[in-house]
Structure formats: C-alpha cells, structure tokens
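Chains: A, B, C and D, in written order; residue numbering restarts at 1 for each.
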Amino acid sequence: MSDLYWPGDDRAGEHFGQEAFVRALVDVEEDWLARLGHPADLQALVQSRDLEVLAREAERGGNPVIGLVDRLRDGLTGEPASWLHRGLTSQDVVDSALVRMAERAAGDLRADLAALGADLTALAQAHRDTPMVARTLTQHAVPTTFGLRVAQWLAALVDADEQLSGLSFPDQVGGAAGTRAAMVELGVEVDLEPLPWHTVRAPVTRLGDALVTTTDALARIANDVLVMSRPEIGELSEGRPGGSSTMPGKANPVLSVLVRRAALTTPQLAATLHVGAASQVDDRADGGWHAEWATVRDLVRRTLTAASQSVELVAGLQVHAERMAATLAAAGASVRAEQRAMTDLTGRVPLPSYDGQAGAIVDAVVLRAQRHWRSA
Amino acid sequence: MSDLYWPGDDRAGEHFGQEAFVRALVDVEEDWLARLGHPADLQALVQSRDLEVLAREAERGGNPVIGLVDRLRDGLTGEPASWLHRGLTSQDVVDSALVRMAERAAGDLRADLAALGADLTALAQAHRDTPMVARTLTQHAVPTTFGLRVAQWLAALVDADEQLSGLSFPDQVGGAAGTRAAMVELGVEVDLEPLPWHTVRAPVTRLGDALVTTTDALARIANDVLVMSRPEIGELSEGRPGGSSTMPGKANPVLSVLVRRAALTTPQLAATLHVGAASQVDDRADGGWHAEWATVRDLVRRTLTAASQSVELVAGLQVHAERMAATLAAAGASVRAEQRAMTDLTGRVPLPSYDGQAGAIVDAVVLRAQRHWRSA
Amino acid sequence: MSDLYWPGDDRAGEHFGQEAFVRALVDVEEDWLARLGHPADLQALVQSRDLEVLAREAERGGNPVIGLVDRLRDGLTGEPASWLHRGLTSQDVVDSALVRMAERAAGDLRADLAALGADLTALAQAHRDTPMVARTLTQHAVPTTFGLRVAQWLAALVDADEQLSGLSFPDQVGGAAGTRAAMVELGVEVDLEPLPWHTVRAPVTRLGDALVTTTDALARIANDVLVMSRPEIGELSEGRPGGSSTMPGKANPVLSVLVRRAALTTPQLAATLHVGAASQVDDRADGGWHAEWATVRDLVRRTLTAASQSVELVAGLQVHAERMAATLAAAGASVRAEQRAMTDLTGRVPLPSYDGQAGAIVDAVVLRAQRHWRSA
Amino acid sequence: MSDLYWPGDDRAGEHFGQEAFVRALVDVEEDWLARLGHPADLQALVQSRDLEVLAREAERGGNPVIGLVDRLRDGLTGEPASWLHRGLTSQDVVDSALVRMAERAAGDLRADLAALGADLTALAQAHRDTPMVARTLTQHAVPTTFGLRVAQWLAALVDADEQLSGLSFPDQVGGAAGTRAAMVELGVEVDLEPLPWHTVRAPVTRLGDALVTTTDALARIANDVLVMSRPEIGELSEGRPGGSSTMPGKANPVLSVLVRRAALTTPQLAATLHVGAASQVDDRADGGWHAEWATVRDLVRRTLTAASQSVELVAGLQVHAERMAATLAAAGASVRAEQRAMTDLTGRVPLPSYDGQAGAIVDAVVLRAQRHWRSA
C-alpha cells in the first residue's frame, strides 16, 4: 500500500489500511464471540476480495459493521451464527477496532521515536561544543553550539513522546446506546471498566493531539535542516538528497521537505477531531463520530511516515562544523555586542567564550531523554 | 476504488484515484512531447502494476514525476526518448495533472449540483405554500412554509455553484524555476498565457474554497433533515433510511449523517491549502506545495460523494406536510405573538396568514436558480 | 472589559486583558531585577494610560518588551536602571508573562469546572434512575436514564480537567538565544531547570489542546440541552432563557447557544498553535512565535466564558422527567425490539427493565469524578 | 484602539472596533426607522460610556441588539419609540451592521492593496533584468531575475484583489424568521432583493476566503524577504528593521515577521466561518451564526494590519542587486547544468543568457496588474 499523492506513505506499512481495518473489526467480533462462549475462527470468513464490496456496502448503515456482520453470519452455522455480535452495536466494533489499530501504530511510532531520540542524543553529545552562530528572527544573534540546537530538537521529541506514552486505548463496549442492556439481557458478565465512551471522545482527541505534537517536533528538525542546508549557509546537508527531473546535479533536501509537508497538514486534522468531539450529541452523534475514522487514519499514517523519514534524515545528516565555525568567525564582533554590553555594566574582563550554559543545557536535555526512554 | 474509512467514497468513482493521477501525469507529458514535435503514445508504457513502484519511488525526488519520466524514457527510443519532458520541471507536470483532474471532477460535481438544484426547485415549488413553524435558536418562532426552507437550501446551492463556475484550471508551464529558459533554449514556441504559477497558489486555494462552500451548502440540507426527522418532530424522513446492527426496525437518516460528516472535515482541508499557500517561498516551496496533493484529492472526493448522496437524499425525501401543519397548529397563539405586537401598533385587523413574503421569496430564489443553471 | 462581538466575554474578567499583560510583563522584569540583587518597585512605573502607547510601540521591535523596558528604565535611576532586563531577552519576558497569566486562568477555570463537576454529580445521582429514551443518529434507540446521559457529560468533563491538571507553566529564562550567556557573563546563578523552551512549544500547544478539550466537553452538554429543549422534545429547558427582540414570549436556550458557539471556534485556534509550533526554526521563530499570543488569549477567555456559562446552565437546568417518561412510553415496543431479539435468542423471559448497567455506570462515573476532584 | 497581543493592530484603526459596531447597529436601526416613516437621530442616544453595559447585556439575548433597542427606545418618545426596530429581528441588525463594516474595511484594504500593487509594479519593472539565482526546494536552480520574483508577488496580489472585488455586501432584511411577515403586517414596502440570507452564509464565508487569500499573498512577499534578508544571503533587507531588547545593533525584519504571523492564523479563522456555515440549521442557527462575529472582526483587522505593514515593507525594501549578482556568479556552472542538457540535445550553441521568458512574464504580469487596477 502506498500513495502517489503522499510520497513516502508506504513507510506507514499496513497500519490503518483497508485490510487492517477489516481484520481489526473481525478481531473485535471474534473476541466478543469467544467471550459469549461460542468461539469461532472468523478471520477466515473474510477475504481481500471482499473488501471492495464491504466498503461499498458500508454506506447503507453508515459504517462497515452491518455488512460485515451479515457476511460473517452467512459463513457461520449453529451457535456462533446466532450469537455473533449479540450485545454489541456497530460503534463498539468500529471504535474498538480503531483503538486497537491505533495502539499498534503508536507502538511502532514510539519505536521510531526512540531510535530518533537515540540518534539525536548521540548527535547532541558529539556536537556539544561545536560552535555556531545562533539565529533569531532570521538574523545572527550570539554564539551557540550545534549541540544545543540538537538538544532543542531532542527536547521537543521527548515532549511529544511523553504525550504518546500517556495515551490509553480502551475497548468500546457499550451496546446499542451505552447501557449494555442487551449484554445484561444475555447474561454476559461485563466488567464496568472501561466505561462506554460512545459520546465522550477524549480517547480520540488525545490521540490526535499527541500525533500533531509529534509532527510539530519532527518539523522543528526539518525546518532547521531546510534553512541550514541552503547553499549560502551550508552548515547541514541531507545524506542522500533528492534529484531533479530537469536539473542535473541538483541536491534537494527531500526528506526535510516531506516531513515539513506533513506538519503543515496535521494541525488541521487534529482540529477536525475536536470539531467532531464538539459535535457530540445524544447517545451516538449524527456525523461527528463518522468524521473521525479517515481523519485518524491520515493522522496516524502521516505521523508514522514523517517519523520514519526523520530517522533516516538524522541518521544521514551531514554536519559541516567547519562552515559553522567560519560563519561564526565571519559574524565577528556583532555577535559579541551583547557581551560587551554586559561587561560595560560589570566592568569585568569578558569571558573568552560566550556560550553560557549551552553545554550544561545539552547535558540536562540528554539526561532527561535518557531517563525518559529508559523508563519507557 | 472505495474506502472503508469513508462510507460512500465509491460515489467519487475514479476521480483523483491512483491510476487517474498517473494517467493525468502521462497525459501532460504526452501533450508536451507532441508540442515538441515528437509525438508518442505514452499511456501504453505505464501499467496498473507499475503504480506501487511509482508510488514508492516518488519519495526519492519528493514527487512522482522523476520516477515516471525514467520509466517512460525506458520504454521509448529515438527522438521521443530524447525529447521527453524536455523544458518541463516536475511541478509543471504535477500541477497540470492535478488541475486537469480537478476540472473533470468539477464538471461531474456541477452536473450533480444541477440535478440537485432541479430537484430542490421542484420541491420548493411543490411546497411553496405548505405551512410549517419556523424555528430560531431551536425554538418555535413564527409561521413559515416548507417551500421557503427549501428555497434557503437552493439559495446556498446556487451560491456554491457560482463559486465553482468561476474557477479556472490553468496548465502549469514554467520550467525549472518559472522562467521557461529551457523551452527558449530548445526553441519551443510557448504562449505567455497561462503565466507560470509555481508559487502563486490561488488556482488551488480557490478550488478548495469553492469545494468547502459546496459542502457547507449540502450540510445546510442535511442538518435540517437530521433535525426534522427526529421522531418527536417527524416532518421529514429519508426515503431509504439505514438500519442498525442490533436494533431491528431502526431507521437512521444515514445519508444526512454522512453528508454532515463531510462538512465537518472539509473546512480544515481548505485551511490546509491556505496554510500551504501562506508557506510559499522561493521559486518552489519546501513543503507548502507538497501538502496540497492529498488535500485536494480528499476535498474533491468528499465533495463529490456528499453531492451524490445529497441528490439521493433529496430525491427520496419524504415530506410529512400534515405533521408540519399539526405542529404549527399546536404551537397556537405563541407563533402569532409577533403579529399581535404589530397589530397593537397599527391598530389594524390581523392578516389571516402570517407568512409575509414567503411565497414571493420562494419564487425569486427559484427564478435565480433557473437563470443560473440556464446560463451555465 | 467585555466584548460586543463575544457576548458573555466579561465572565473571563481581567484574565489576559491588556492591563493584565503589562502587569505580568512588569512582574517578570521585577522578579528578575530582584534576582540580580537590585530590587525595585516597577509596577508603579507603568500606568493604564501608557497602555495605548506601549501597544503602538510594540510593532517596532515585534513585541511589547522593548518599549516597556525603555519606559521602565526611564523611570529608574542608579543600579536598578542599569541592571533592568540584563541577561534576559524579550521572549523570556513575553513567554513567562503568558505562562503566568495562563496558570492563573487555569486555576480559575478549574475552580469553575470543579463546581460544574459537583453539580453534574448531584444531577447524575438525582436522575440515576430517571427513565428516558436513548437516541442514536437522532432516532429512538433503547431505554436509558437521564442520569446516564449526565454521567457522559461528567465523564467528558473529568477527561478535560485531567488534561488541565497535567499542564506545567514553566518560566522562560534563556537569554538572547537560549544559551544564558549574558547571565553567566553577569555572574547570575541560574538553575538549569526549567530549561529554555524558546523553540520547543509543547508548553503552549498542550495548553491549547487542554482548553479545546474543555470546550469539547462543555459543548457536549450544550448540544444535548439544545436538542432536548426543542419544544417537540421538551425534556430539558434552561432556567433563565433569553428573549427575542421581536417575538414576545420567546424563550431561547441562550447559554447553550453561546457555549456551543465557543466550541465551534476553539479547535481552529488550537490548530493555529500547532501551526506555529510546526513553524519553529532557528533559535527564535520568524512568526510562529508571534502567532501564539492573541491565539492563547482568545482560547483562554473563550474557555473561561464557556465554563462560567455552563455552570449557570447546569445550575438552572430544568429537567422534565414526566416528559422523558411520556416520550419513552410513546416510543412503545420499538425501543424494546433489541430486547426481543435477545430473548428470542436465549428463550428467557424479558427482564422488566431494559437499562442494563445504566445505574452502575452512573455510580462508576460519579466515583471517578469524586476521586478526581478529591485528589485535585 | 490597539492590542498588545497583536503588535501593529492599531493600523486597522477603528474598523470593527466596539464603538464602530454600536454605531453600525444604530445606523441600521436608524435607516429602518426612516424607512418606516418615523425618522429620528439615534446615534446621539448611545454614548461611549454605554458600551460596557451593552456588551454585558448582550449575553442575555445572545446578541447585542435586544439591549440596544431597549436603550434606544428609552431615549425616544412618540412614534419613533413605538416604531423602532418594528419588523426586524436581531439578526437583521447584526448581519447588516457586520456587512456594512466589512464593506468599509474592504474599501480601505483595497486602497492599501492598490498602493502595494503600484509599488510592486514599479519594483518589478525596475528589476526586470536584475539577475539573481532561482531557488527551488531551498537550493540553487537556474538563473532568474529579481523582477520575475516580484512579478510573482504581484500576481498573487492581483489574484487576491480580484477575489475582494467580487464580494457583495447585502443588507439583511428578513424579520423574525426570514419571511418578512411583520413588515407585511406593518404595510412596509420591502423590495425582494436582497433576499434574506439568515442561514445562507456565503456572503460571510466568501469574505473570509478573500481575506485569507489576501494574507496568503502578503505572506508570499514576507517569506521571501525573511529568507533573502538572512545575512548569509543578504539580497534584501527591510528599510527600517527592528532592534533587540538585549543585542545592540541587531536588525530584525520585523514587518515581515509580523505579516507572516498573520498568515499563520487566518486560514484557521476562515475555516471557522465555514464550520459555522456547515452548522446552519433551522431558520436561525444555534451557535454557528454567533461564532462568526469575532472571527470576522479578527480576520478583517489582521488583514488590514498585514496589508498596511506590507505597504511599508515594500516601500522601504532595500534590494542588494550586487549581492544577487555575486551569488549567481558564485553558483557558477551548476546553474547552467540544465542549459547544457538542452544544448547537448539540440547541438546548438548555448544562448548567452539563460533566463528564458523572464522579462516577458514580468511585462505580462505588470500589464495584468495595471489593467486590473485601472478597471477597479
């Protein structure tokens, strides 16, 4: 599975694909059937070739479950056929399937972020004392180190992964309208927890918010690579830049471009999940719920893709420390203007270097990152 | 092609599908090759089975054109092989392909809107004088007619179709950086118009804005059906409601739900196109451009789907005029309170009906709609 | 302070007002000056009448700090004049001021949410067993209780407050470019924590995400009141509805309308904070940072206003239990259709009531809420 | 009026201020009273000191009209007191007031855009043949001219102004629920046009879309200035850059930063107007309408501010043509790589310059701009 409209999409693998969705829906039904005491192997009853029909049928009931249950029931006999889906409602099955897919995707995403975090840690440490000029509002400011810049990337990444680590992925088991009346009628023992959340969508919006926080952090890196790999700056370059269809020799920072692309789209997708949540009403919403499925899918796949691209980007990143040093030297006295203002005030001799706590901040961020991933 | 995450998506047919994209890209190259004087049949050189590879390769250059041109060139010999793509850049090919696909989709969309407009016109006329209670801020207000309500739906639709009718779909022919230097070097005669718009994205944002204006208008209808088909109100019902996976006999206004769903997501997609436009820089943007492709695709397909669903919704709509009349009657004196305030002021005898210009407004909206589509 | 364009805005009091901003900025400078060992009373140096000038001057440097520091320095003499702002940069002062204002606002917001939570708890308990019909996709589904509905409102509120409770409000102390070089040069002892976050904006986006989660939860209530106070349904009504400018006797659910209004706007504001975060670059961003200030202000004030309105809404809510019962009774056999399907399967005698675990779920949500606020 | 949270806001003057809103509301009532044949001077009846009370009272009815009408009526006697507001509803007054304010603001905005267009035209012509290197995906591409770059800015501006020029600003005259029943009852002659648009919000969303298209175009300029004024590039600089609170001699491209800031926020505001439009229902929406007022206000003021800042930015822009030439020269053979590929193909001698139709495109864009503003 990949997507010509979203280069790199295949990095997201099968997560939230069409088949993965059906498989997850069937899993939910299968688990429930087992819980009802009538286990059956349901996965075998749905084939890839059924996908198209299931997708087309999904419109009739507004979601893919009704058609799927019909199909499964057709393939069963006896008790499993009678008991299939009893006590559940379509939203139970769709929500549980989405959440299970999301949990798996978040696992893979966090593995990529951990790898990225390790690479950034090494990079920050390697360049802890590599001098470069700081830039604020696009202009040269004061001396800094490339290590401190990388530490900012790392800090943003830890923030994002902390949000991801706090997510919960509750199954949905509410029945027709969240009362579990049919389950009680059937005599099924159902634990109270997790409580039904048919119209309480924080599990979904929190996921969206954590994903967009992740692409924010990844774009933080990409934006810097895009600026610093401009030929006039030349302090960084991608390890394996992309070419042009017409200009031989062109070396484009393609991974950074594609990561930045993702981050321009995900804030609005997360907002859509909130608009959906803010449209919740009654015991099942009339559109606010349905707006979530494709939105979560796109958010997840784009974040997975951007994370994977970022791992490759950072692993291959070329750091041109000599160019950093040369730019800083060329900036000359102007980047020491603040220091002069301070020594004018104190009357002291200027310190030889003017990078303050840069090294200590790098160390602290690295320590925080290490603790975060060690405990993860 | 259809999508389990977006029930009804198959209504959008092949528009902006993977194959359609490749076909459009190849079309652009084919047209250009002919213009260079070396025509060749390129469509035969790319098969469905190549899609996956093309999509995967697209990441290397940041867009699908580089890999596609390689593939096409491999399949050609002689002059066509040498001249393929000469003078163009990938953005020329991608932008032109997207615009051509958009033009075709807009054509199909407008056909559906015209059909919907005709149905709404007939409905407004049929119920020009069907009394019902107006509702403002959810509460009973004064008498109105169902025809006037439908006229509001129709007016919104005409507004949307006017925006669609004003769109332009310019090919992109700029060369490597919008100067057309390679074309001049090759001696190709290139008309100035359309001027290159590599970094001037109004053709894209205007498309997005028109599409979201369309889903706004369609949701206007769906929202009313959702309210008015509540059993306590019962003034409308869908012709072919959806069922439930667990509650026999349930009749859900599924088409309305799915139309409303679309309209909750498209505003954010159109905003993404503007975020992309606002990120334009240099002679080709570093992410703002790439964010457009999937976003336009989703906007187009969701609008096509919602329009098609709305046609079916309105065609099958059940109008319960007797229920409207009963509700109005039951509202009693309260909906005449304003009228009494007016006659207290004038001292005149109250007019027997209190629907003002409702009928005349219906006629005027219908006339506007008829003129609009006649001239279209 | 209040706003004709946002009725109810005065409920947000002085939070994030113009004066509050200046006061917070001055506070930050005052604290820093004391830390430098040269304390001075700075608040007296800026008057309300200076606001307009400060605001106008803010454009020259891109933020209000440069003009403010000039003004403060003009009012000082001796050491405080010399040491004012030394070691800081404008972003330190702006970020710290915003965060401090946000912390105070979050405190007031959470107090309102706690009050609302207490009222919802009492309401859920009072109506734990009040029967009503559940509605899914706008249609009658199965029996439920009004207590369970309220429990859903409460669950969403607890989710939101949990997100708010997890926020952190770190001061910003980074100096010109986050290295703290001037501080070190001045010999100021600066704790490493909190680490500078000039370009790491999770403290801001997390705030935005928590606020929009809050308005999502409040809209959840408002949407139900809007539906259920429709005259045809009549199960709820606002305690003090609003009137009309022309229709005597009209009773509009105004508080619900205004809460819903807020929730339609906040998702996009939170998205703007993420777009800003995704635009971070260098050591101070060229616009992404500046886009935050008014956005956070609007998010905070709208959420405070919506929370206060919701407290009033719930406190005054009229519950028409007899109407709920009547509607359920009128729904008749159709809401027992699922139950019949279950008993057809089991062959058992139908349970007299068909509300499953509704009461137990209410109890569990209430318990969770009580624990949450007890530990808060 | 100005805003510490939005430096530069005072450039928007009194547009959409609190007083302007009241004045516009009173204007609408005054015009209507005259139309009813009972003219009175209403403006004198509301003072600045009433604003705060009016704003506070606005919550009771959900909008500021009810309180305002009470106040006006208290100040009148005789026929004007009796006839004030008769036939109208609050939405008529609010919508008409907003539209009138918007029309005035659009007039001022378009005057600024015309001035900006004239400056860009002169700049494009002055630098029609000023060579510089084109940049695509941040990397050097082929030779271009600065004039062509400016022509892209100009083209985007013309696109935006065309959208603004197509806006309409219809008064709202619908009465309680859009039927004009009270007007008919009162015997007022009301032209059919403009038809009531209480729930048909294209006049509002089109305004929003045109405004965001404008900030897209302005950001197009600002983004380039931000990149090209980086010290390593140094091809442009702002005429009157901003300073730093701590670094003497710092020269920040502040106007560009603030324009870019605006453009990061407006797409989401325009999206909010569409979310509101997509939430229209009944004969007056329960929140979707109310969400518009502050959103339109912010959109208008931010666009006015950004336009005014852009005029100043472009008027003062320093163009460093020698630096452009030096960078192009330094890029050397690499920016002629495409040309070599073309001459390899044709076997011809390379043309001395390689800027293709750059000059002709500049001329064509300039011509289009001149025609646009001449006809405007």
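Please note the rule applied: contacts are C-beta pairs under 8 Å (C-beta built on N, C-alpha and C of every residue); 3 or more make two chains touch, one makes a residue touch a chain.
These numbers were taken from a predicted model, which means no experiment stands behind them.
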Minimum number of chain-to-chain contact steps, subunit A to subunit C: 1
Same-site or different-site touching of subunit A by its copy subunit D, using the half cut: same
Reference subunit C; chain at largest CA-centroid distance: B
Chain centre separation in whole Å, for subunit D relative to subunit A (CA means): 34
Geometric centre distance via CA averages, subunit D-subunit C, whole Å: 29
Residue list for subunit D, restricted to those that touch at least two other chains: 62, 86-87, 89, 135-138, 141-142, 175-176, 182, 226-227, 244, 246-247, 252-254, 257, 260, 263-264, 268, 271-272, 275, 279, 286, 338
Of all residues in subunit D, those that touch subunit A in their complex: 135-142, 226-227, 229-233, 244, 246-254, 257, 268, 271, 275, 327, 331, 334, 337-338, 340-341
For the subunit C and subunit A complex, residues of the former touching the latter: 62, 82-83, 86-87, 89, 134-138, 141-145, 148-149, 152, 155-156, 159-160, 163, 166, 175-187, 190, 192-193, 195-202, 205-206, 209, 212-213, 215-217, 219-220, 223-224, 227, 260, 263-264, 266-268, 270-272, 274-275, 277-284, 286, 338-339, 342-343, 345-346, 348, 350-351, 354-358, 360-361, 364-365, 368
Residues of subunit B touching subunit A in the complex: 2-10, 16, 18, 21-22, 51-52, 54-56, 58-66, 69, 85-90, 93, 175-176, 182, 222, 226, 242-247, 252-254, 256-265, 268-269, 271-272, 275-276, 279, 286-288, 290-291, 293-295, 297-298, 309
